Structure formats: C-alpha cells, structure tokens
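A, B, C and D are the chain letters, set down in written order, and residue numbers restart from 1 in every chain.
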Amino acid sequence: ENLNLELALKILKKAEEKAVEINKPMCIAVVDAGGNLLAFHRMDDALLVSIEIAINKAFTAVMLKMETSRLAELAKPNGELFGINNAYNGRIVPFGGGIPIFKNGKLIGAIGVSGGTVDEDVVVAKAGISAI
Amino acid sequence: ENLNLELALKILKKAEEKAVEINKPMCIAVVDAGGNLLAFHRMDDALLVSIEIAINKAFTAVMLKMETSRLAELAKPNGELFGINNAYNGRIVPFGGGIPIFKNGKLIGAIGVSGGTVDEDVVVAKAGISAI
Amino acid sequence: ENLNLELALKILKKAEEKAVEINKPMCIAVVDAGGNLLAFHRMDDALLVSIEIAINKAFTAVMLKMETSRLAELAKPNGELFGINNAYNGRIVPFGGGIPIFKNGKLIGAIGVSGGTVDEDVVVAKAGISAI
Amino acid sequence: ENLNLELALKILKKAEEKAVEINKPMCIAVVDAGGNLLAFHRMDDALLVSIEIAINKAFTAVMLKMETSRLAELAKPNGELFGINNAYNGRIVPFGGGIPIFKNGKLIGAIGVSGGTVDEDVVVAKAGISAI
C-alpha cells in the first residue's frame, strides 16, 4: 500500500500545526514510495529556497530509506558518502528534515520539511508523521 | 497583494471538486506572482507526468502572463514563438491548463492543471480560479 | 504488486529473443511503477543513443500510462500535447517502443525498447511483455 | 576488445551471488570502455538512490581509469582533485564501489555497485570482476 492524497494532507496538517506552534513558516512536501510528489504546501512567508529543499528532502528520504539527518554525517568530507549530494542532479539533500514513512516495515513514502533551522525542520517533519 | 496559502488551498479545493465531478484524477498546482510553487496536490491515480506538467503550466502562465492554451498556437513551427518551450530548461508548456490569476488588473499567481485531456484540464483550472 | 527483478529479466529475455529473430541489436529497459529503472541490457552493436532512449521510453510509458506510440500523434505540431517532450528534462519520448505493463488493471511498470525502426522497437517491446 | 553483453551478464551474475551471500540487495551496473551502459540490474528492495550511483560509479571508474575508492581521498577538501565530483553534471562519484576492468593492460569497461556500505559495495564489485 502506498500513501494517498488524503493521508498526505493529514500529514501536512499536523506538520503545519507544529510549524505554527513554533512560529516558523515552512515548506512541507510529501512524496510516495517512488519519490514522486504527492502534496506540497508553502506557508506564508516561508523561504523560497525551501520549496525545492523540502521536496528534495522527501525525495532523498525515499531514495536512501533513511532520515536525511543521518546523511549529514555520511556526506561530510570524511564521511563514507562524501559527494553523494551530487547525485540525481543535486537533488540529494544531506541535512535533516526528510523522514521516510514506513507501514508494516515497508517504505510507503516520505515527508520533507524546510524553512527553519535543521532542528526545527526535523521537529515539524516528525509532527507530520505522527498523523499516521 | 499576492496569493497566500489559504487562497491557494481554496483554489485547489474548487479544482479538485470539478475533477471529481468529471471523474478525472488530476495534478493541480498554484504558484505565486514570482512563479514559485505555493501548493500542489496530486489526486489518487493521476498520471505521474502530470506532476511536473501541472507545476510548469502554472509557471508558464505567470512567465507569459497568458493562458497556456494561447501559447499552443504561438509555439507551433509556423508560430511567432516557435521554440519558446525550450526556455527555462524546458519548463514552458505550450498547451492548455495553465491560467494566470489577476486581481485588480495585477498578476498575483497562476493555476496549472494536468491529468485529463487539454480541454478537461482547462475546465478544472477555470473551476479553481472561480474560488477567487 | 510491483515488478521485481526476476520478472524484469523474463521480459528482457523474451524481448532479446525477438530482437535476435529480426536481427536487430536493441537496448531494452524495464522500469517499475514509479518510473525507476529495474533492469537494462544493451545487445552487442546496438546504437549508443538507444541506451537513453530505451530507458526513457519505459519511463514515458509509466509517466503517461500509455504506449509511447500514441504520444507520437499527440506531440506533433498540431497535436494536443505539442511540446510535452520537453517535460522531465527531455525524458518524455514521443515515439513508439515504450509500453506500460498492467496487472489486474493496475500499472506495475513498463518496457522500453530502442535500436531498430520504431516498428521493430514496438515488436520487440510486445514480445517482452508476452513474458507476463 | 571491449566488453560485450554476455560478459557483462556473467559479471552481474557473480556480483549478485555475492550480494545475496552478504544479504544486501544491490544495484549493479556494467559499462563499456566508453563509459556507456551495457547492463544494469536492480535487486529487489535495493535503495532507489543506488540506481544512479551504481551507474555513475562504473562511469567514474572508466572516466578516471581508477577505482572510485581512490577518488575519495583525492576529492576531499584538501585533496588534489577537490571539486572533481562536479564534473560531468555531477556524475563523478568519489567513493568506493566502482572498479575499472582491464584486459591485457587495456581498459575494457567497469563495474559499479551501490546498495550497501561502501565496503560491501566494493566486495560485491570485486566478486563481479572475478567473472573475467
């Protein structure tokens, strides 16, 4: 089973509520298990750069089946995967805010959040996933 | 005044209702006056190609301040703008489904719809704009 | 249910046998329902351009849930979707040789073939799908 | 003499057997001496990011006539080739898993493996080359 729009919007709603709570306008994206975009919302006053970063964080989380925060360490100059962020035309994002979504152990999609500090992005992404 | 997320979601809602009415799953995008994505929903079973096409139709409508359906004629081999669809890394879409949104004569954004025939896309895009 | 490697290799085998039969070296690609590559074989002496074309024909068939041969008409200067082949960084291929694969009415992937005339590519693609 | 499909499939087979043995689903690619893709298999449950990484590791090994693991050191901020991974639209991969294949001292192609840790990728790549 894959994510559908209804579920994606529930995830967006939870994430947006958290973003309002911490008072940081965010861009939030949800992709399916193939990495293809399902839904995206840009909150008012969110950074424009966050549009692409949010979408690509979700994409990255699906591509690597891991939280993008884990990639931060791996992609550093002394990390095992230094240079990986060039892959897929630069779409691989090596810092936190993208989290894969699993159901019964199977990847069904991911959320990507951008707009605050990395820590804030992660908090909002986790809030989004709590909808499931 | 520019579009905001609240207004974008109203537009998406109207468009989605029309898409349900004509029984065609669609991808629907709303961009602001800078051509930057505000909101995007992919309805269940919509074509994957429509993700990018919907976003780019909205982008095109802002870039040219015209309905993308008008561009169809202009971009043909004998048209005045033949080749324009190569611009912006191929993001200019020369067929219907993208419509700019004006308020008091000023461009404030655009909607882009993809997933049905071009006529269906246009119908859904117009339904979306009726929300304003 | 999605395609897996075992099934993809059966499809490749059938397609390759047909390519040998008509004496045309081909590139043959199989992608999953998300458009992501599963398997690819380039037969000896196949054209190098066919590597990318075969992969992109399969991608296109998934993106549009249709045979790429149908897109040939739609993408012509007077066709409804003229210009669509610019989408996805030029990955949309508007001529025959890409065929979506359905199981119980649900898209599970696609085959893409390139190396001969378009008619030959289609024949080989259909032979591949006969494996299912 | 260059690699051909038959030889490429033998290489893939050996690599896949090793991947099964260490219980890590992998993407495995073989390219010819021109860096052009000959064969590619994605094993079930392999990471999607590995599709492109595997192909690009093989490409990198041909482009530089060296194992991509050697490039890791060279591409670091203090390395002699810092920045090289931007070349060829980001296709140069600076970590292990790509190995050039020589015959009588002449480059005939390369294998690229992605899906596990870098060490696992290297082990599977070497197993693949043992087929020759």
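Details
Keep this in mind: a residue touches a chain if its C-beta (ideal position, glycine included) is under 8 Å from a C-beta of that chain, and two chains touch if they have at least 3 such contacts.
Just so it is clear, the structure is predicted and the values come from calculations on it, not from any experiment.
The distance from the centre of chain A to the centre of chain C, each centre being the mean of the chain's C-alpha atoms, comes to 31 Å.
A separation of 25 Å divides the Cα centre of chain A from that of chain B.
Distance between chain B and chain C, defined via averaged C-alpha coordinates, is recorded as 29 Å. Of all residues in chain B, those that touch two or more other chains are 48. Taken pairwise by the contact criterion, the protein chains fit none of the simple patterns, being neither a path, a ring, a star nor fully connected.
Interface note: chains touch in the pairs A-B, A-C, A-D, B-C, C-D.
Taken together, the chain C residues at the contact with chain B in this complex read 34-35, 60, 62-65, 77-78, 80-84, 86-90, 92. Residues of chain A that touch chain C in their complex: 32-36, 89.
Those residues of chain D whose C-beta lies close enough to touch chain C in the complex are 4-5, 9, 34, 36-44, 48, 51.
Across the interface of their complex, chain C is touched by residues 47-49, 52-53, 56, 72, 75-77, 85-86, 89-95, 117-118 of chain B.
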